[in-house]
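Next come two complexes built around subunit A: one with subunit B, the other with subunit C.
Showing the complex of A and B:
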């Protein structure tokens, strides 16, 4: 799951001249993903992992690294 | 309710956080008209200093143009100071409709509606023309006012990488099931100075049956051969469904904005857009000034041609001196410094040399892309630009950044 999410983040958000990111890289506070564009990520997670993420859980903090996102998704996977 | 010490402390802490983050904004008081040479009081209480303004949106130098000032005076005399009403009760004068018609003609659209500002136009337009069956697909670097407008709208939304047409196409495919797809972009991006590829965007919108929205606030009056905007530059006049723009930049610089485009969409704004329905429109004095601005621009392209020449001169001067610039041909010329502190230090040193130019850094621009944003005006004469170039070179030498590449500057100063 980690690699699927990392790959999506790289393809969806990183520009060609961006530095490489890892599982721990701060995505939002690090300026790679702006909170306004998080919507794509939320929709991707819900579709790919067949879950429903309530808006109050899809916070910038919960989406701030691939590791955080994995934790969030695991909470909602049945 | 009492403003208790506890509540006060909460707010003081917020202000402290802003200061600690280094993003506390201080106003600099200008004691003159807006122009190439301005008299500034900064820091507050200090004696006035005459500096060259390199950061105004006064692209055509019309903010204090005598003919515009006279037209505003005449408008004040003939139509009064205020309307004390929203448009649809008793706040519409003949000159409001005259301005809407003139803007329609100038932009080559079908109809236009005035708003108190372009911020209000962007805040109101999406909710007026879209519903929850629709999708807004916006470029990731669109202006903050568009982001607010999108947030106020019940339609779904998605984003695409800045100016990346392949990514936009994938989003149009992804959302092909939506009733209306609205692609949203700035015409000229205010921080980078690059222009949206409107020819390719129109093509994609036609292919996927989508509408196209362009905020041309940093383009109206000077981009394109006759200054009609980014759609003129890319040969797609008449093909943009919604254009929003401001009268607060090149078009006189006072205030006000509009939505211009398809007749039905403009009419829906007149019926439903909340900033239009629930606030006064542009004051008669400003309407009169903008009418004169459009007359001046329709008679001659002299001012936008001068702006183009000045921009070319400025870009070449900075490039020859060895600065790293953002590519582009608009009068927004960002001098890239990458490091936030360096951008602030250089801005301060430039001010001491008599040049007013502001440093921008995260979160206003992406992390690691700090810069001094310079903006050229037709109000600048070559001697202004030469003096500013001398100052940039002097300060650039002091910091040892002339001739360095992006990587070398980052290596020297960090991100």
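Showing the complex of A and C:
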């Protein structure tokens, strides 16, 4: 799951080929993913992992790194 | 003691010459914003004072004195001039909030060229229409944004120079690309600044309307007169202040009050080039000891959502004065800021077209949370009857916010579209496109826009632009775009679409369409919600009735639907 999410973030949100991110890179506070784009990332997670994430759980903090996202998704996978 | 002192006295004795005198400007003199923001401050004995404290990703910090920004402005100016850029050529700044963005702003103005700042999150289509409209001759950008420029360069014959501020030698350059690393360049001590006059164009900001392509709002160097004085009296910047304007210079707040206002006053300002999180922002305020903070309601509401507890983890006692801009500031946010910061955020109201603050809450004035405040001295503001365009005499009615033209920062035209510019005036009033009421004490209360433009997080998005882009997606047959209420951003973009034969509604398709718009236009324009429809509501003549969809989203009455085609 970690790699799927990391790969998606790299392909969809990173503009510069030279930029490198890891599982711990701050995505939102680091400026790689803006708050508006979080919505598309949420839709990706919901469709890819067949889950429903409540809006109040989809916070900038919960989305701020791949590791944080994995923790969030795991909460909702049955 | 605040800079403005007694508002009543200021109103009584007001004349824009107050600002002209403080800036040693007389009618007919040369006036160049870049000179006022750097060279003049150095001549006033503040050459060694910090002008810019920059913090980037990973805590990277850079500091520039007023002499540093003067030299950098000269160096960039010479570089541009050597490329053949001359007065009134349009030079686009397409960068994140890195120091080169702020310094290039000065460099472009020093040669008399026009700065065209564009939000770096714009996708290639948004970038293209604005560069094409302005017939932009040069763009200054970063390697990370180069791919967007490369996709459109062949359609832009006027774009002769693509200047890359962080080029790495290992990467091959392509058509019209030229590297320019400021840190490697020899600083230029003396530069003869182009003698711009009051009406010489300075900045070209693009803004969205309900229909048609974005419009280039043309400002002139004389706008400094308003921007200087409003910064001094409303943001109350004083010599020892450390100021933080959170707006991006891709938008007008980021230039009028994120560059021109503070630097023309010789004030140290901070820039944080990173994404948003409550912790990052509070840490930045604490670390830089920020005293004056100019932010936006969306950010304030996001901080509210992060909770009160986190505020207590930081020493924010340095904060002296707070103000807000971009969209109406709700009363709850004002009350909250007083509770957690012991200071109220003062709402300010203005637009790209007005160039400077028009209606505002002043330091020292009684604040009515949720109100826009009162007109700035020298600004004649009124509410017009939407039918007659005559000012309402009685209070309490909702009317069109309008201003008597004549303040120094007012736009001079829409670029290549004087017809649209003329449409903004009725009976000698400039129409803002917003509605409000005025109470018995003269306070303005915002009620909404007078058109379909979506204000999301303080940024205007044209439904027409998004609808047009949606139709370019292979699956979309028809589209209608409206504002949807949002707790944090006030409004977000919502799209209603019908699909072409062979396509079925699905979450996967929704995601593909979202990402398509995000990359083509911008994250702001990306629909946060897409609803599949069998058909869109239309008039019998085939026009999509956006207002019915809007009413549905806002839980309002749909109004007259006699023209709706029910077939």
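FYI, the second predicted complex is superposed on the first by the 76 of 78 C-alpha atoms of A that agree within 3 Å, B and C clash if a C-alpha of one lies under 4 Å from a C-alpha of the other, contacts with A are read in each partner's own complex, and residues count from 1 in each chain.
The criterion applied here is as follows: contacts are C-beta pairs under 8 Å (C-beta built on N, C-alpha and C of every residue); 3 or more make two chains touch, one makes a residue touch a chain.
Treat the numbers as computed from the prediction; the structure is a model and nothing was measured.
Peer 1: Return first, second, both or neither, reflecting whether A:39 touches subunit B, subunit C, both chains, or no partner chain.
Peer 2: In the superposition, A:39 contacts both subunit B and subunit C.
Peer 1: Would you sort A:20 into first (subunit B), second (subunit C), both or neither based on which partner it touches?
Peer 2: Touch status of A:20: no partner.
Peer 1: Please determine whether it is subunit B or subunit C that touches the greater number of subunit A residues.
Peer 2: C
Peer 1: Of the partners subunit B and subunit C, which touch A:3 in the superposed model: first, second, both, neither?
Peer 2: In the superposed model, A:3 contacts neither subunit B nor subunit C.
Peer 1: For A:30, using the defined touch cut-off, is the partner it touches subunit B, subunit C, both, or neither? Pick first, second, both or neither.
Peer 2: So A:30 meets both subunit B and subunit C here.
Peer 1: After superposition on the shared chain, which partner residues are touched by A:78: those of subunit B (first), subunit C (second), both, or neither?
Peer 2: In the superposition, A:78 touches no partner, neither subunit B nor subunit C.
Peer 1: For subunit A, which residues lie in the overlap of the subunit B contacts and the subunit C contacts?
Peer 2: Dual-contact residues (subunit A): 15, 30-31, 34, 36-37, 39-40, 43.
Peer 1: Could you pull out which subunit A residues touch subunit B in their complex?
Peer 2: Subunit A reaches subunit B through residues 13, 15, 30-31, 34, 36-37, 39-40, 43.
Peer 1: Can you list the residues on subunit B that touch subunit A in the complex?
Peer 2: Contact set of subunit B toward subunit A: 140, 147, 150, 157-159, 161-162, 362-363, 366-368.
Peer 1: Quick check: in the complex, which residue numbers of subunit C touch subunit A?
Peer 2: That would be residues 57, 96, 121, 142-145, 147-148, 168, 273-277, 279-280, 302, 305, 456-457, 489, 492, 507-508, 510-511, 514-515, 518, 523-524, 526, 528 of subunit C.
Peer 1: Under the definition above, what is the set of subunit A residues touching subunit C in their complex?
Peer 2: Counting only subunit A, the residues touching subunit C are 12, 15-16, 18-19, 26-37, 39-40, 43-44, 46-47, 59-61, 64.
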